[in-house]
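Read through the structures below before going on.
Two complexes, one shared chain (chain A), two partners (chain B, chain C).
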Partner chain A sequence: MSVEVLKTKAEQGLADQFTAARSGLPGAGNAWAEGLRDAAWETYRSAGLPHRRIEEWKYTDLRALLRDAYPPAPALTEALTRDDISAALGPALAALDCHRLVVVNGQLRLELSDAGGLEGKGELLSLGDALGDPSDWLKQTLAQANPPRNDTVVALNTALMTGGAALRIADNVKLNKPVHIVHMLTSREAASVTTRNVVVVGAGAKVTLLESYVSHGTAPAQRNAVTELVAGDGSRVHHIKFQNENLETAHLTSWMTRLGADVTYDAFQFSLGARLARNQIFVAFAGEGSRSHVSGAVLARGRQHNDTTMVIDHGVPACESREFNKLVLDGSARGIVQCKAIVRKDAQKTDGHQMARALMLSEAAEFDSKPELEIFADDVVCGHGSTSGQVDEEHLFYLRARGIPEPQARALLIAAFIGEAIEKVENESIREAFLNFTGSWLAGEGA
Partner chain B sequence: MAAVQETVEHVKEMEADKYKYGFETDIETVKAPKGLNEDIVRFISKKKDEPAWMLEWRLDAFQRWLTMDEPKWSRVHYPKIDFQDLYYYAAPKSAEGPKSLDEVDPELLETYKKLGIPLKEQEILAGVRKMDEPSQLDEAAGGEYGSGRVAIDAVFDSVSVVTTFKKELAKAGVIFCPMSEAVREYPELVQKYLGSVVPVSDNFYATLNSAVFSDGSFVYIPEGVRCPMELSTYFRINEKQTGQFERTLIIADKGSYVSYLEGCTAPMRDENQLHAAVVELIALDDAEIKYSTVQNWYPGDKNGVGGVYNFVTKRGDCRGKNSKISWTQVETGSAITWKYPSCILRGDNSVGEFYSIAISNGYQQVDSGTKMIHLGKNTTSRIISKGIAAGHSDNTYRGLVSAHRKATGARNFTACDSLLIGSQCGAHTIPYIEAKNSSATFEHEATTSKISEDQLFYCQARGMNEEEAVALIVNGFVREVIQKLPMEFMAETQRLIGISLEGSVG
Partner chain C sequence: MLEIKNLHVKIADEDTEILKGIDLTLPKGEVHAIMGPNGSGKSTLAYVLAGKPDYEITGGTITWNGEDITGMSPDERAARGIFLAFQYPIEIPGVATMTFLRTSLNAVRKARGEEQLSTPEFMRVVREKADELKVSSDKLKRPLNVGFSGGEKKRQEILQMSLLEPTLCVLDETDSGLDIDALKIVADGVNALRGPERAMLVITHYQRLLNYIVPDKVHVLSNGKIVRTGGKELALELEKSGYAEFGEAAA
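This part shows the complex of A and B:
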């Protein structure tokens, strides 16, 4: 039976990796960590990589898209300098005034980070180290925050994770500067990396968390990254992702978030890079009166494949959710937005809305959208919308009639289109950086 | 207001189980033995006096069916169906080819009377019964019935028992007859089009239907003809443990127009009855087909026992340029509904429309929607779906809108709204939107909400009780779709909505 399940070369390669690495993975010897890994491994082993017959992966068939399983990137590499990191981030984000945590090839590297300002604000651990001797809060959070059922990509992450940041912000701490977790992969050969961040935000605390995913070099890569986040009652969290990995990268990320009562959770994901990107976002409401706004902007061209899949789970009454995604698709790029809002029986007074809009610049671009509502409570207001189309010829005409040449007019309209999403980013420096990236993308640079 | 009062009165008349069509007609029937095997397929084919090619077609379908599994992806739950524990053929004895209405069993006509559907069907059928020489009806009909005339094909269990207005339709060149007759009389048309929209192995139930379909309606509208009257089929499952597998094929030749209505009921029973129909529509250049359904199969009692399993494959093919296919459906019955009337927009500038009201109450489960597949240039489609869930029911809209690479200028507008009544029901929306062409413009919007307290209060402050108020508001909610129904169905539908929601308030 199990022999048949793992059919492809990549699936078998991952199995071999786990067998070979199991005893050397962080946390080996610790019963709790080993138990987590083995249970997760069983989930993967019984299902294999997700394929198009799995409803949630209908548009992103990993069995077909992942040919090989690349070997794990070596933990210790040749010297990577701060300049390399700045170059990979680009000047605007490199200059960001922040608490910077740098994760290279799956390990938190404090010597490259600027985490001094976090002292006394909570606790920062290297997950790889912490797995061997886990604290209570880590045990309560890891693989517990809002685990999706039977998601084999998340299961693979739990089985193979090598490290990342484990960060706890103490109650009522308000961080003025964003925490910036920079994920870098550096390797000359094709390599894979499996990272995990665990973030616990205390009650009444306030934090802006930016995660950047960038490449050093052009070697093919496979990334499986998970961030688990638990937001305590009354906290305020801005959670932002910037993804600009090289075009040989398969980028799989999953955010699993659980919100307490009266939380304000504003999330934003900006995707430019990667050949294949799957952005999974799972948000669960566990306390009343919270709101979650998840937005995203995707710029894709060439043969890029970008899939954003969200599950927003209203398990308690009186919460508000908004999902707003915009995509610009050029070349033969394929954009996908799947968003499922679940309103459970007791979640009365739920207010949920989602919208996905795609702008298609070329004949061969493709947009697939599945805005899903699953509602079991009657006193709710839910809605969703999805649109796709080209640049409006009338708008174009309007601008040209005012003397703006067509290419500029077109760029202006596209920038305005995507700008509506980027404006959701509250932090001004980050927002400006994203607008800059959009400008260069439109000028044909970048990804 | 009139509609509301009617609804209330109607509800009062009803018995505990609220399903007025739950009577059983005691008519002798001819049944094939229980179960399904090659012999049963041969038996059905023989009963129908079919040519060899038809039998071959059925047997081929049966062989394929054996290799298939039931679809599991829909949001409906029911105990596994034992396909060997069903009768695949049941025919009223008297129905073996009635030459004239004289031969129709009076019991049967009594049945139509009891059905009391205020469709023209009932009226005309009752009239037919009183006439001494019903065959005159065809000739005499001309002036008498005016523009509201409807030609009916009534399908009882598995067999078409009576078709009216045949002669007058023939004058216009329209063929409207039972499928079994079409197989014998118009083999070249049937062979050309049957299975060309829903292929034999399209899905589990369509394949089963291909193997064992017993009857249904066949319609052919010749080039340039506007069908002089509404065509209608009335389906009823009567016999115990039977499956009804009818097959409808409508072909609108170049420049023609036809409006077709379909109504369904079944008696109350504890066990579940199976209905697995296939409907194929073909619209050639500049042709238009309007297909309306009022589905009111027995939904099961208030504890969710019994009821019809309705697994239907309906698909229209806009094969010619400038053609149009429009589906309108009112789904209030069935314990389980699994149906997705679809349009393949193959011809350039073709138009597909889908208007739906799906109401579920009690323990009903509805998984319904549509597919709009844009293949031709400048094709447009429009989807308006109104789902209403009450009681313990689950109501799912599942739809696909796709534009293929060459479908430049495709346009779709979708609005699917759900209304929830009561805290035990579920309403779900699962749309798939796939644009493979950049010039495709797709717009989709959906809302889910409950009846607002303000609206209820407003109505109640004006002297309505809660139930009347709900019926009024719901009728307002679905108005957009009701307006698309043929006149004959409008009043009936409004009443049906009131009945379906009875008991959902308070």
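This part shows the complex of A and C:
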């Protein structure tokens, strides 16, 4: 049966990779780690890559979009310097005052990181090393934070993950500087990388976690990245993603987040790069009185395909969720926003609202928006909205009547549109960096 | 000098002609008023002077300082000193007022071959002019015109006008929506800009504004044509008789 399920070259290639790599993957020999991988592998083997007949993937058919499975990137083929990392990040983010953790080709590289300031604040492990000798908190979290059922991309990640950061922030620790996990891929040839971060934020702790995904070079790449995050009671977490990978990259990321009681979780994803991007965000409320605000900004042109898919699961009463996404689509780019809000029977007093807005700069651009509400409780407030439109001609005329030439006036209005999303980023340095990237993108640079 | 000759204009996507042969000469240093009933084409004339793309010129010419401007983009006209104070200033969420003012002023200065202002110099000039127009610094921090009252929006228009120092000012119903105090502030702002190098076209439905901005000439626009031209006393006459003889009941 399995032979029939794995139909495409990429699906079979992934199967061959797992067979070849299984005994050499981190954690091999540890029964717990092997058990996780084998169970995940079974999920993949029985379903294959997601395709358009799977409802959640109807707009992003990986069977059609992934032709080959690229070989895993070698651990580190050549010397990568801090300058290379700065160049890939760009000056604004390279200058960010932060605790920097650098993950290259699937491994946390402490010699390239600046993690000293985290000492005494909790625990930082290289996930690749920790899989062979896992601590209790890792065992309790990995593949358990908020695992989506039957998501084969997440299953593939669990089966093939090579490493990443495992970070525990102790109770009541308030980090003044952001933790910045930089994910880089460096390879001369087409390569894949499968990384996993596990972050446990203690009760009453406060942290800003920025994840950057950038390329060193222009080789084609396939990235599968997962971050699992558990936010303890009363914690405050800002979780931000910056994605500026090269245009030959297929970028698949999944955030799986579980929130305790009275948590404030603000997530933001900024996407500029990659040929194909699927941004999955799964948030589960496990304690009362929490709020989750998930926002995003997408700038796409050419033939870029960017899919943001969210599942917000209200399992307990009195929580608030907001999803706010803005996309600027040019050329024949395709933008997708899907958000399913589930309000379970006991989740009374839920307050949920989602909004997706696209600004279309060309005739050939396409925007697909799919809100879904599954409500089983009777005392809730839930809503959704979606718009798409072009640059407002009245606004444009007003600016031009004040002497601003058309291209500049247009850029000002596009920046204003996307700026409304970027304003959600609380950290000023990161927000300014994103506004700068927007300016460069509008000037035709970058992706 | 502004010279409009036999100007015919229609809405770009429709057949209906709105301006049906306008002739108007406005020398530098003079203020002319255009008065007329609703639907006579007043706002269309204002938009056409500013270069709004929704209109199509089907005949005639508009020259400013001897140069035909009909083929020029709105920003090219602004660079040549043409300024339209909008009847309904546009709200633009997400564009900070100061960013807008700075971008606008720098674009115009650049097009005119002038130096861009340094940040401190720019701030000083804006504050000074904003004070004169009683525009609070709080308003300058907000997105452009968003949530402003009618009077606040009109003061923003005059602030922009005084910053850009245009040579042809077209004021489209600048008095609409203003109470008497706001009207005086706006009129003072406009009068401060009167000078030998500057021409002004003041479009209004009511005579009231012309008590404060006293015109050299008054033109009556009706059904797309200028049907009468006279001195400032013509406005008073219209105030008494209304536009009845020009096709509308007294306002």
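We adopt the following convention: the second predicted complex is superposed on the first by the 447 of 447 C-alpha atoms of A that agree within 3 Å, B and C clash if a C-alpha of one lies under 4 Å from a C-alpha of the other, contacts with A are read in each partner's own complex, and residues count from 1 in each chain.
In this section, contacts are C-beta pairs under 8 Å (C-beta built on N, C-alpha and C of every residue); 3 or more make two chains touch, one makes a residue touch a chain.
All figures in this text were calculated on a predicted structure; none of them were measured in a lab.
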Looking at the overlay, what does A:Ala401 touch: chain B (first), chain C (second), both, or neither? second
After superposing on the shared chain, does chain C or chain B touch more chain A residues? B
Applying the touch criterion given at the start, work out whether A:Gly35 contacts chain B, chain C, both or neither, answering first, second, both or neither. neither
In the overlaid three-chain picture, which partner chain does A:Pro91 touch, first (chain B) or second (chain C), both, or neither? neither
With both complexes superposed on chain A, which partner does A:Thr387 reach: first (chain B), second (chain C), both or neither? first
Once the shared chain is lined up, is A:Gly302 touching chain B (first), chain C (second), both, or neither of them? neither
Determine, under the contact definition given at the top, whether A:Ala358 touches first (chain B), second (chain C), both, or neither. first
First (chain B), second (chain C), both or neither touched by A:Leu413: second
Taking the complex as given, what residues does chain B use to touch chain A? 73, 405, 418, 420-423, 425-450
Per the contact definition, I'd like the list of chain A residues that touch chain C in the complex. 393-395, 397-406, 408-409, 412-413, 415-417, 419-420
Enumerate the contact residues on chain C facing chain A in the complex. 50-53, 73-75, 77-79, 83-84, 86, 89-90, 92-95, 99-100, 103-105, 107-108, 111, 143, 160, 164
Spell out the part of chain A that touches chain B in their complex, as residue ranges. 55, 329, 345, 348, 358, 360-390
